[in-house]
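Every chain is named by a letter (A, B, C and D) in the order it is written, and numbering of its residues begins at 1.
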Amino acid sequence: MDISFWILQLLNALQLSMLLFLLSVGLTVIFGLMHFVNLAHGALYALGAYIAASVAASMGYWAGVLVAPFAVAVLGLILYQFLIKRMRSSGPMAQVLVTFGLIFALLDITRLIWGDLALALDVPELLAGRVSIGGIEYPVYRFFVMAVGLVALVVLHLMLTKTQLGAMIRAGVDNDKMAACLGINVERLFFLVFCVGCALAGLAGAVAAPLLSVVPEMGVDILIPTLIVIVIGGLGSLKGAIVGSLIYGFVQTFGAVFAPQLASVMIYVLLALVLVMRPSGLFPAKGG
Amino acid sequence: MKKVAIAAALTLGAFNVANVSAETVKVGMLLPYSGVYAALGNEIEAGFNLGLQEFGPDLDIEIVKEDSEADPGKSLAKARKLVLQDKVDVMTGIVSSAVAGALRDFVHGAKVPLMVTNAGNDSITGSSCSPYISRFSFSNSQVNGPMGQWVYDQGITKVYTMAPDYTAGHEMIEAFTKTFEAAGGQVVGSEYTPFRKTKDFGPYLAKAKSSGAEAIYTFYAGGEAISFVKQYDSFGLKSSLPLMGSGFLTSPLYVNAEGPAAIGVKTVLHYVPTIDSDMNNSFVQKFQQLNEGRSPSEYSVAGYDAAHALALAIKGGADDRESIAAAISKVSFTGPRGEVHIDPASNNIVQPLYVYETVAEGDGLTQKVLAQLPTTKAPADGCSL
Amino acid sequence: MLEVSDLCKRFGALEVTKNVSMRLEKGERRVILGPNGAGKTTLFNQLVGEIIPDSGSIKVNGQEVGDWSVEKRARFGLSRSYQQNTLFDGITIGESLGLAAAVSTSKSMWFWKDSLQDADVKAIVRDTAEQVGLEDNLGARVSDVSYGIRRQLEVGLALATRPSVLLMDEPTSGVGPEMIGAFHRLLGRLSRELTIVIIEHDMDLAFDVADSMTVLNYGEVVFEGTPGEARESEMLQQIYLGAWDDA
Amino acid sequence: MFYQTPLRTAVLLLFTLACIYAAFTAEYFGVEILTEIIILAMIVLALDLVAGFGGMVSLCHGALAGVGAYIFAIFTAKLGLHPLLAMGIAALITGAVSWVIGTICSKTHGIYFIMATLAFGQMAYSFVFESSYLGGDNGMAGIPRLDLSMIGIDLFDSKQFALLCLACLLVAYLFAWRILTSGLGRSLVGIMHNEKRSRALGQNVVQIKAQVFALSGLILGLAGSLSAQHIMFISPNLLSWTHSGEALVIVILGGLGTLIGPIIGAAAFVLLKHEVSNYTDHWHLIVGIILIIVVMAGARGIYGEIEHRIAKRCAKRVQKEQAPKQAKEKTKEHSLSHAGLKKEH
């Protein structure tokens, strides 16, 4: 085990973290602003992957990656109008249940449309192959995943801190009633954020598809890791999402290196520990 | 254990004689139609239906379908329903090994023949075999055992093994390891990854790479197989660390989703659609006609052959549980995979194995048979029928 | 009975409690005065344990309670009412009082017998309801009754725990004159054994009921003494009392 | 506050009679489904106890029942203990495990509580799945049923086994009823309505929550050991989080915080699932849509809606009859409509 081995594992951990970040950030932003728990986020991710694979089959990878977030955002728009809007004032349990029902429904809709067999989505020409840095060969696509995650992080961070929209969102996270009093159209803000959150889930699905497999249960499988990430990090904050993702990515990767048998239990133990010591996660957004 | 047998006997007392009619043979088909194994359930059923069409179009057979949900508990409840309420004469199906294990004591006690069409756990035709349980698919060690010698014969002396951390993973890898080491090879590292929880195989692949192995031997199936093969390829290990394993890794059912990444992977399986025989060519053609041009897989062939065997048994005069069970242990026929028969010592199928390489053909991928390993009988392993 | 010494608390740059000390004898009734934001409620929150002070000590009946949890202090006899109603909205007034009474009679953890049907609990509920004038409303759901009744319940809950030290945070805030009168009479009927601290903004009431007064400003005790001294304190008159009269 | 209203008693009796009728008339698989319903009813009853009366929305109740099943299996199939004794041990150990989980999770609230319980459920699942002693993914076979042949009951007869489960369910119901009308249960409801005030009154919030969680675990342990005996086989799937999610769905479907409602919900859910799956493999879709509709329709659930309507009608009648009396009475009606039908009525 020389140094390059550890660098390789470090990159693996970063890559997994960034993938999880893409997924969890949409969920956490939606929660932070709307106090809405969307368990169907994983199902939207799966839809993103399926749509990307379908589009890519005839129009190429890049078309797929562009269309998927957009299409999932449109779906989010529909969901928002018919479901989410009415559920906003309900407690977390009603939200958990409605979105739990959505998981069931979306899973079967995926199966009805695309069947039970896995779909293919290959890495595009441009991102195929590996780059060699200091003797370490690493797949370009994995760098791409990291880059997408990093770009999402930077863009979201700038948007939240530097733009007026961001200021409005932060005001909404802080106190939505107060924000409404200040003349911010909170309803429209929610709508926008929900759609952006959905688009991010779709993007994550499209980006993950060439790396993983596009199968119906992918949404359910990814849900628990995503939830662990945002609960460890603390719901509602960008910082929480990135820290949670990094913790998860590193624990999984280095758990796999040192003790693969314990890797799956380890993350739950960590989650329980975090919750015992910090019942609202490490960096919760200030919420009402 | 004893109590359970008594339990089954007690519950069944009233039903043992209740064999509906001498003519209609009721078949209980227990397959997963929802959940992760739904694709396999549909594939096996397609094969079974085609087989019935082919070999017993005028037989009086009634099929009762139940969704096993690949859940051992639910499957056992459904199996009891099929036996006690629907009073089926024979059961077929079973994808997951855990389900097969769960059903074993019940079907044995109830004396209902069960024709397993996928589940590969060694014990079901080994240490806990039953005269009523026969298998038309494969057993984990049957498929992987012969690969030890074959891999060694390719000049590979050091391998790294990887498989998901559940029974099938362990059985497949252990069978290979045994024969590979017996042949003189060395397993330099071995990893069992959390079953269905592993998204990123990168960490394991990096370990394999730095282990000094000359090849990776692996078993993965379904979604995990796709992720694994793609990620293996993306790390550029093809040139330095060839990928071998049991053929579920590059099953025709999943290989298209793997894409070019699967090219060059050498694996072993009891069936590939490219076997060149009249029997297989006609099977492939008919299957493709019925399934939108899709080639059959090792899953559908098990259903197909089970139907073939059942038709033979019924044609031979078997019409109730006892006689069907007896007839099935004696079947022998030539099917798409070649000559197969049920080993009377264990009720497991005896079949040839095919080492194949996944190669590109036109736009798609196909299986190039590299070698046909001799017809193998799984070791009896404590079974005495 | 209640002894606070050198209590300090800061939130970031804001010092909300500055070296607050006070000492109450058993049965003493102390009124705390001070403008909005003077840190009165924050002081209460620290006394009952809802906010942990940065330093200082809190003794009840000679016992240091500073590192105890909220519930342990409450069981020890330190009870409070809230400035903003903090009630059990989904249940009835009688049930609410019963919950409080069950704690004081150590029946709240019974896991076989019904605490609300217990004779001791029922007696306390009856007494408390009479004290605060809720005897006609025991069956009413808390969320259904008027603000005034809710305000009475707020005090009733604090009383039903049978405290030895009672902290009341603006018990008459938002209610009309007749209710202030009723509250005044209630205080008159309460046992003289009970030590009471009241944050009060109604000056007449405050001067009437107080044995002693503490005035807070910017988290600091700026005055401590009898109501008589307070009346005579020019500083208070000018700076505080005058200002309030205008408000 | 929980009150065993005449309506609730009536529905419980009706349910019991329906179960007995079904046990005697249904075909083999019908009786199996009945048993499945009854065992599931125990699990959701236990869940309603904590979720409906303590606001503890647990996403590990299915897993805890699975823990009970495994403990029963270990003590019978592995250690050869008498099943009756093993049932007691399973209930106690599951209760103890629940107490630990309850103590840790009680400090968290809302979505964090849900996630914390989920984490513990998944921990148990992963542990069982990877334990070779417990058979790993293969599960465990050879689980005996209770032997009551000395008193003339043959539990290998599915009808008699169903009736035993029914008896256990009724015991569990009485137990839950007793807890909810005890000091502990009263305090728990208070905590659900206002945790901050409960603390200020001196309620030991964490202890109360944890103790009810543990008592709920006792019921789960019993339910788990019955489900192990029912199938006579267990596998890690029992502990999967979707089971816990389903339990939550059933509680809502039947009526949260009514105790009897979830039992009705269990029957409705299982029957619906079996009916729909007769027609299509895509029963998840149908069940999902129904769930969404039920929750969106106001989340009172089946029984909750019935209770609400009857209470409303009664309230109207009372109002008509006693129109002149007004003010004082009015307040009583409200409490009436809340508790359904009160005893005095």
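Methods note: contacts are C-beta pairs under 8 Å (C-beta built on N, C-alpha and C of every residue); 3 or more make two chains touch, one makes a residue touch a chain.
All values reported here derive from a predicted model rather than from experimental measurement.
For the pairs B-D and A-B, the larger set of C-beta contacts lies at A-B. Distances between chain centres, each the mean of the C-alpha atoms, put B farthest from chain C. Computed from the mean C-alpha positions, the centre of chain B lies at a distance of 39 Å from the centre of chain D. Note on chain placement: the centre of chain A and the centre of chain C lie 48 Å apart, centres being C-alpha means. Chain geometry summary: the mean Cα position of chain A and that of chain B are 36 Å apart. One inter-chain figure worth recording: chain A and chain D are separated by 33 Å, centre to centre, where each centre is the mean of the chain's CA atoms. Looking at chain A, one finds that residues 111, 261, 264 touch two or more other chains. Counting partner chains per residue, chain C shows two or more touched chains at no residue at all. Of all residues in chain D, those touching 2 or more other chains are 126, 130, 282, 284, listed in ascending order.
Across the whole structure, chains are in contact as follows: A-B, A-D, B-D, C-D. Residues of chain A that touch chain B in their complex: 1-2, 5, 8-9, 12-13, 15-16, 19, 111, 115-120, 122-123, 129-130, 137-139, 141-142, 210-218, 221-222, 225, 252-254, 256-257, 260-261, 263-264. The residues of chain B lying in touch with chain A in their complex are 35-36, 38-39, 42, 165, 191-194, 196-200, 202-204, 206-207, 210, 222-227, 230-231, 234-236, 253-254, 256-261. Contacts from chain A toward chain D in the complex involve residues 31, 37, 83, 86-87, 90, 92-94, 96-98, 100-109, 111-112, 220, 224, 227-228, 231, 235, 261, 264-265, 268-269, 271-272, 275-276, 279-281.
Chain B meets chain D in the complex at residues 1, 3-4, 6-7, 10-11, 33-34, 38, 67, 71-74, 76-77, 80-81, 84-85, 97-98, 101-102, 104-105, 121, 165-167, 194-195.
If you check the complex, the residues on chain D that touch chain A are 51, 57, 104-105, 107-112, 114-116, 118-120, 122-123, 126-127, 130, 241-242, 245, 248-249, 252, 256, 282, 284-285, 287-292, 295-296, 299.
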